[in-house]
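The structure under discussion is supplied below as C-alpha cells; questions concerning it will follow.
Every chain is named by a letter (A, B, C and D) in the order it is written, and numbering of its residues begins at 1.
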Amino acid sequence: MLVYAARRVLAAVPLLLGVATIVFVVLALAPGDPASMYLRPGMSPETLDQIRRNMGLDAPLHVQYGRWLLSFLQGDFGQSLASGIPVKDRILEVLPNTLLLAAVAILLAFVAGIFLGVMQAVRQHSPLDSVLSGTSLFFYSMPSFWLAIMMVLVFSVNAGTVWGWPVSLPPSGMVSDGYDLLGPMARVRDRLLHLVLPALTLTLVLTGGIARYVRNSMLEVIRQDYIRTARAKGLPEWQVVWKHALRNALIPVVTLLGVYFPLLLSGTVFIEYVFAWPGMGRLMVDSILLEDYPVVLAGTFLFGGMVVLGNLLADLLYGVVDPRIRRGDG
Amino acid sequence: MSLLEIRNLRSVFRTRGEEARAVDGVDLTMERGEAVGLVGESGSGKTVLALSILGLLSHGSGRILPGSSIRLRGEEMVGMKERRLRQIRGGAVAMVFQEPMTSLNPVFTVGDQVLEAVKAHRAMDGREGWAEVIRLLREVGIPEPEQRAGAYPHQLSGGMRQRAMIAMALAGSPALLIADEPTSALDVTVQAQILELLKRLQSRFHMALLLISHDVGVVSRVCQTMVVLYAGKVVEKGPTQDILRSPRHPYTRGLLGSRLFLKDRRRVLRPIPGEVPEANAWPEGCRFHPRCSEAWHLCGREEPRLVAMGLGRGAGAREGDSRVVGPPGGSLSEVGPTDRGGEGRSRARSVRCWLFSGDLGEET
Amino acid sequence: MKQVLSCSLLTALFLMGACADDPDTRTMDGFCETALARVDSFMATVSGDGPEGVRYGGMAVVGAPAEMGGMNAFAHGDAGAVQHQLFVNLMTLVQYDEKLEPVPYLARSWELSEDESELTFHLRDDVRWHDGEPTTAHDVAFTFLTAMDPRTGFPNPAFFQHYLPGEEGVEVVDSFTVKFRFRPHSEYMDTWRAVAIMPRHLLADVPPEELARHPIGEVCPVGNGPFRFVSRRPGDRWLFEANPAFPDGLGGRPFLDRYTYRVIPEQTILLAELLTGGVDVHVAMFPNHAARAEAEPGLRVVSFPYRSFLFAGWNSRVPKLSDPRVRRALTLGVNRGQIMQGIHGERAVVVNSGIPPVHWAFDPSLGDSLPYDPDQARSLLEGAGWVDRNGDGIRQDSEGSPLRIELILNQNQERQEVAEIMRVQLREVGVDLRPRVVEFATLMGRITSRQRDFEGVLVSWEAEFRLDERDQFHSAAVDGLWAFSGTRDPILDRYLDTLPIITDRGEAIPVWRAYQSRIMEVQPYTYLYSAYRRNGVNERLREVVMDARGEWASIRGWWIAPEDRRTP
Amino acid sequence: MGSWMGLALPGLPHLHRGKWLEGGVLLSLWLGLLALAVVRFDRIVGAFRGGLDERIALLTLVLVLVGVWAWAWRSGSGALSGQEAGKGHVGRPLSGGWAAFRRNRMALLGLGAAVALYLAMLLTPLLAPFDPLSMPAFEEGGDLGLRLAPPSAVHIMGTDQYSRDVFSRILYGARISLIIVLLAVGISVALGTILGAVAGYLGGIPDAVIMRLLDMFMAFPSIVLLLAIVALFEPSAFLVIAALALTQWPYTTRIVRGEILALKEREFAEAARALAFSRGRVLFRHLLPNAMPSVVVVASLGIGNTIVLEAGLSFLGLGVPSDIPSWGTMVDQGRAYLLDSWWVVTFPGLAIALAVLAFNLLGDGLRDALDPRQGERLAR
C-alpha cells in the first residue's frame, strides 16, 4: 500500500513540474514587470535596470527558468521577489492558516451537507425537500465574496448596534491584537471567534453542493434491496437510514472529499481576501499581481501536489469505507 | 384463529405520478405450520402482497387502501402503529428476498447483519448475541460459521449468502416466513439445497411458510397449498397437487404449460403470449382476457369472481377458506356455482374464471 | 474511528496554529537570528523601570487597505513604508514641524556654509540602534554613499541630484559630525527629512546589489526609531513595540506599549473593523466611509490636505493628443469642481499644476482660467479640426477617424469613478473617452517603457515637499521613465532648469507662478484635484495629529487612557 | 365561451379549467407584455427607427405575444389529446427526460427563471426605464443630490454613486454577464466534448495525451490560473472568455470520455462498426448523440459556475472592460457604498445569486431527468 501511494506521488512530480512550467510561461509572457513595484518618481531608467539586475530579472527567460528549475529540484524554492523572504518560509507561514480554515469548513459542510442531504432524500418531493434544497442551493449559488460581506454586516457591524446581540464577531483577521498576551484558554476563544465568520461563510457556500450530492446518492441507495432487508428485520427507521443507507451513500461522497479539499484551497481565495485571512489564496493572488513568480510557482506546485494527494487520499479512503474494493480482495 | 388472515387486500403504489393497484382484493388465509406457495409471473403483484403483509409498502411509494384487512393471530396489521409493526417484522413474520447479493448490505459483515436482527428482537448482550449468530449460521448450514460471520457479503457464494439471509430471518423465531423467490437467482443445484433447507426449517420450527415464486415446480416441491395470482387478483387456489393435476383457470394452465420438462420430451412448450400488463392499466373485464386463448366476448366486459369448487377429500373444512361468489352481472344460477361451504370438504379449491365454472363438481 | 481521527487532526491543526503565532520569522536567516537576539538582549537591559504616568501603556492598531514595503530605506519607497521609516522604526536627521519647517531630530543642529554648498550636521550622541550600537556620523555617511551607489537601486535618487558624487560629497568630521557638499539648490533640508538613516554596522559588508532584498527590510528590521520591530506576517500585520532606549531628549520612549499595522484589503471590512473597535485608526478611507465614521459616536475623522493629486496625463506623442488645443479642451470639458464635489464634498481642492495645495508655492487663483466650459471645449476641438461629421455625437478628424481616447487606470474605486464621470462629461463635447482598468504593474509598464504604449493615463501622484518636475516635463528627460507626457517645451525647460537652484522662496514664488501659467498653456495633463487624506480615528486614541507630513507623524505622542485600553 | 375568453386573455380558459400553472404563466406573460407595450409605447414607436438592440426587443415582444397566444389557443382548444399522444414518444436521447423533468417543481422553476432572464435580456431596451449610462448628476447643470437615491417608485432599485438607475443597469448588465458566460461555456463544452470524445473513442496515445493535459489543468486550481491569465494580460472580453473556457473544459472532457467509453461497448456501437462505418461517423453519428444528455447537464451546471467565476473576476477588478458593467463589476464598484447605500450592491448581488440558482436548478433537474447517476458538482 505504501509502495502504491509512493508510486502515485512520484508519478505526479513530472505532471506538477509541467503545470509549474505552464505557469512560468504565462508569467513570463505577461507584459508587466515585477520590478515596477519599486518604481519611484525621480528614478532613472538605469536605476530601474539596476533593480531588475538585482532581482535576477535581466537574464534571458530560459536561463531564469533553468535557474529556477535547478534550485527547485534541489528543494530550494528561492526567494520571494517582492519581499526577499525565502518562499518556503512564506508558504509555511500561511499554509496552516488555509488548512485550518478549509478543514473546519469542510468538516462543518460535510456534517451539515450529509444531514441535509439525508433529510431531503428521506422526504423526497416533500415541501421540506424543496425548501431545504432551494435554500442550500441559494447559498451555493451566491458569490462567496458577496455572502462574506453580508455576513460581516449582519454578524459584526450590525450585531450589537442594530440587532442588539451580545456578541459581535470580529470581522477580519485570525487573532486579536495582543493575542500573544492572552492566557491559553483566552487564546483558543479568540481564535475560535475569529474563525466563525470565514468558516461559516465557506460552509454555507459548500453545504449546498454536498447536500445535493448526498441527496442523490441517498436516493440511489434507499431504493436498494438491502434497505428493504433492514426494514424487514424490524430495525427502527433511524437505524435503517443513518446506518444502513448512509454508510453506503457515503461511499461516492468520499471521492468528493478528495476532489473538494484541494479545490477548496483555491475556493478560499475570496474568503481570505474579504476576511483578511492570511492564507495561501491571498498569498497566491498577491504574488500573481506582483508577478512574484518564485512564490506563484511554488504555490502552484503545492496546490497541484494537494490535488494529487487529495485524490490519493480519496482512493485510500474509498478502500476503507467500501469493503468490496479493499485491497487484496481483487 | 388462523395465523394469518388476509381479507380484501388492496394495495397500490405510485408509478409515474399515478396510483396503480398492484394487489386488488386478495383473500388469503394461512395456518400455523402451513406452507403456501404463491405463484404468478413477474408483475402479477406477488412481491407487493408480501410487502403489504410486512407493512413495508409505505416505505416504498405504496400504501394499503382502506377496507383491507390483514390479521396476524387476530391482530389487525393494517393501520398498525409503526412501533408494533417493527416488533412483528423480523419477529413474528420474517422475510427472505430474491437477490441475496443485493439484499445484504455490502458494507457490513454477514455476522453483523444477523446480529442486528437478533438484537432487534431479543434482549441479548454482545457475547450472547454473537453466540446466537453463530448458532443460526450453523443452523442454516453454513460451514465454519465463526469465520464466515466475519466475511462481507461479496466474499460469499450465492448459496451461502441466501443461507445467511435465511439465518437473519430466523433470528426472531418467526411464526411466518415469507420467502420471495428465494432461489431464482441461484444455480439449479444450489436451488435444490435452499429449498430443502427451507422445507427442513419449516417443519423443524413449525413455521408457516409463504413461498413466492414464478416457478410452479419450486412451489410444488415445498408447499401443500398453492395460490395463483394474476394482475393483482387470485385466479386459483387450492391444494398443490390438485392444481397441478387439473388446472382450472386458463392462466394456471398457461403457467403449467410453459414449464420445461426435461424428462418429458414429447410435451410441447406452450408459453403464454404477451406479458402482464402495467399495474396502472389493467384491462377491463377479466384481466387475463387479452392474452387468453379461450376468451370470449363476455370476458372483456365482466369480471369473474372466485368460486368455490366443491372439492373435498377428508374432513375439516373451515369457514372463509374460500369464498363463494357469483358473476357480477350475470346470475348465479345461470353460471352455476353454488355454495357448498360448510358441507365438509377438506380443502376448498377455488377457481376464478367463472367461464369455466361449468366444470363445477367435476371430481379430480 | 474516522470521526475521532478527523477530530484530533483538527485539534492538532488548531493548536499548531495557536502556538505558531509567536514571532517565528526570526529563525529564517542567520542574520536575523543574531540581529534579533542582540536586540532582545539590549532591550532587556534598558526596559527595567519605564517612565511613570497614565499615558504610558496600551496598544494601538492602524488598519490600512494595502501592505507596505519594509523598513529598508534603500529599497522601499512606497508612502506607507516611508512613513514607518521616518516616524516609527528609523530616524531621519531632521523632521518637519506643523509649519513644515525643519526641526532637530537625529541631528541636534546644522549649518550651511556661506556659499550654500556645504551642509554640516551635528548629531545627537544618545541615539542607539535597537541592538545597542550607537548611531553615528558613519551611519549617515554610509546611508548617503550607499544611496548614491547606482548598484543599490535607491528608489529616490532625485534627493541627491545636486550632491557631489561619492566620497567628495560627504565627510565624517567626527563620530557625531558629518558634512555634505553639493551645488547650491533649493529645499536642501528636505532630503534629510525624507531619507532615513540605515545602520552601517549591520550592512557595511553587504554588496549593494543585495541590499534591496536584505532581510533587514522585511524580515527583521533593526532601526533606531521610537518603536522597535517585533514581528511581521507579510500581507497581514506588522508588530512594533516601544523602544525604551529612545533618547529622553526627544521625549523618551513613546507612550504606546505597542503598535500594530494591519492590512485589511477589503475597505468595507476595514470600516467594519473601525466601527467595531478592531482597529483604532483607519487610514485612507473612502469618502463616503468617512461620512459613516463621522456619524458614529466615539469615532472621528482626521482629515488634512495632502501633497498628492489626481490627474489625467495625455501622451502628446500620439498625434491626436499632440495639439495643445485638444488637451485644453479635454480639461475644459470636464467639470472638475463637480466631480470633486460629488466624490469628496468639501474635502478636496481643484489643482491646475503639480503644486499641491499644501506647498508654499501653491496659488489657488491660478485655476480661474480653466473653468468648466464645454462650449469653449467644443470650439477648441472644432478649431483643431475635430468635427462630428456623421452625427453620432463623436467628433472625427478630416479622415473620419473618431476622437477616441483610451484612458488607462488601475483598479481604484476613486479613479474608476472619476474616469466614468469624465467619460460621460467628455461625451457631451464629442470626445469618446474609453476608460480601461489594467493591473498596476501593467499600467506602470505601459507609461514608463520606451514604447509609451498608451493615450491617456489617470493616476494620482504624491509630490515631495521639494518640488522638481524635471523628469516629467523637461525635454532633456523626455526619454526618462516619467516623461510619459512627452512634453518638449523650451520655455518649460528654462523654468525647470532655474527653479531647483533658486534658494530663496521669495525669489522663487513669481517664477513658480510663471511656470504654472506655462503648464496651463501646454496642458500636458488634465489636473483634477488634490483630495484631503481621510483617516478614521477612534477617540480613545488621543493626540492623534495628522497633517501633510503624514498619518504617523505624531505617533510618538499617541496615548490611550488606562480605562480605555483594550483588554485582550 | 372558453374560447372567447381565450381570444382576449390567453390562459384564462386554463385557469377556468383548473390548470393553474399553465394558465397563470400564460395570463401573466400576456398581461405583463401588453402592459409593457402600453407603458413603453413611445419606445416601441421609436424602435422602428432605432438601433439593432431596439429592433430585436420589438421583434421579441411581438414574437412572444404571438407565441403566447398561439400556445394558449392550441392547448386551450382541445388539442390536448395530441399533447397526450406525444407523451409516450421516446427514442431521441433528450426527449425521454421531459416527462421526468416536468414533475420536478424546482427544475421547472429554474427553467422558468432562465427563460425569463433570457427574455428580459432581449427585451431590455423596452424594459429598462432609464438609460444605463446617463449620469444626470454630472451632466451640465446636474444635481449631485441625485446620487445614491434610495429605492423609490421612480428608481425601483435606487441610483448608484453616479446617479445612474440601478435597475436599468442590472438589466443591461445581464447581457454582458450572460453573453460572456454563455460564450465561455459554449466554447468550453464544445472543446471539452470533442476532446473527451476523441480521447474516449480512440484510446491509446491520443487518450493518454489528452488525459495528461486534463490532469494538468485539473491539478491547477482554476481560479488561480484564471487570475493569472486575466490579471497579467490586459483584460478584454476575448481574454476573459478564453480564460473561462480554458479552465472549464476538463469537467466536460472527463464526463464525455467516460460516456463514450461506456457507449463504445454497447451493442449499437458494435453494430455500427460491423457495418464498416467510418470511425468519424460512428463517433459523431452514433456515439456522441447518446452522450448528449450528460453534456447538456454539464453545460447548464457549468453556466451557474461560470457566472460566479466571472463575477469573482470582476470583483477583483479583473472583469471584462465595458461601458456597461457586468453584475460582478457592479458589485465590485458599488461595494464601497454598502454600508450607507445598501441598494447599490445588494441588487446586483441578488441578481447573480438568483441567475446562478436558476441555472443550477435547471441543471439539477436535467440531471435528475436525464441521468440520475452522474452528479459531480465541483467547488469553485
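Just so we're on the same page, a residue touches a chain if its C-beta (ideal position, glycine included) is under 8 Å from a C-beta of that chain, and two chains touch if they have at least 3 such contacts.
As the structure is a prediction and not an experimental result, all values here were calculated from the model.
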I need the chain pair with the most C-beta contacts, please.
A-C
Let me check something: if the centre of a chain is the mean of its CA atoms, which chain is farthest from subunit C?
B
Just the number, please: Cα centre separation of subunit A and subunit C in whole Å.
36
Centroid distance [mean C-alpha coordinates] between subunit B and subunit A, Å
55
Measure off the straight-line distance from the CA centroid of subunit C to the CA centroid of subunit D, and report it in whole Å.
46
Distance between the centres, which are taken as Cα means, of subunit C and subunit B, whole angstrom:
90
In subunit D, the residues touching two or more other chains are 231-232, 234, 316, 335, 338-339
Could you list which residues of subunit A touch at least two other chains?
31-32, 149, 153, 157, 273, 289, 291
Hunt down the residues of subunit C that sit against at least two other chains at once, touch-wise.
266, 268, 272, 439, 442
The answer for subunit B against subunit A in the complex is residues 51, 54, 56, 59, 82, 86-91, 94-95, 97-99, 102-108, 116-117, 120-121, 152, 154-155, 165, 168, 171-172
So in the complex, which bits of subunit A are touching subunit D?
12, 15-16, 18-19, 22-23, 26-27, 29-32, 130, 133-134, 137-138, 140-146, 149-150, 153, 157, 205-206, 209, 212-213, 216-217, 219-220, 256, 259-260, 262-267, 269-270, 273, 284-285, 288-289, 291, 296, 299-300, 303-304, 307-308
Taking the touch rule as given, give the residues of subunit A at its contact with subunit B in the complex, in rising order.
224-226, 228-237, 244, 247-248, 251, 321-324, 329
Residue set of subunit C touching subunit D in the complex reads 266-268, 271-272, 286, 288-289, 291-292, 335, 338-339, 341-342, 374, 411, 413, 416-417, 420-421, 423-425, 428, 435-439, 442
In the complex formed with subunit C, which residues of subunit D make contact?
133-135, 137-140, 142, 144, 147, 161-162, 231-232, 234-235, 316-318, 321, 323, 333, 335-341
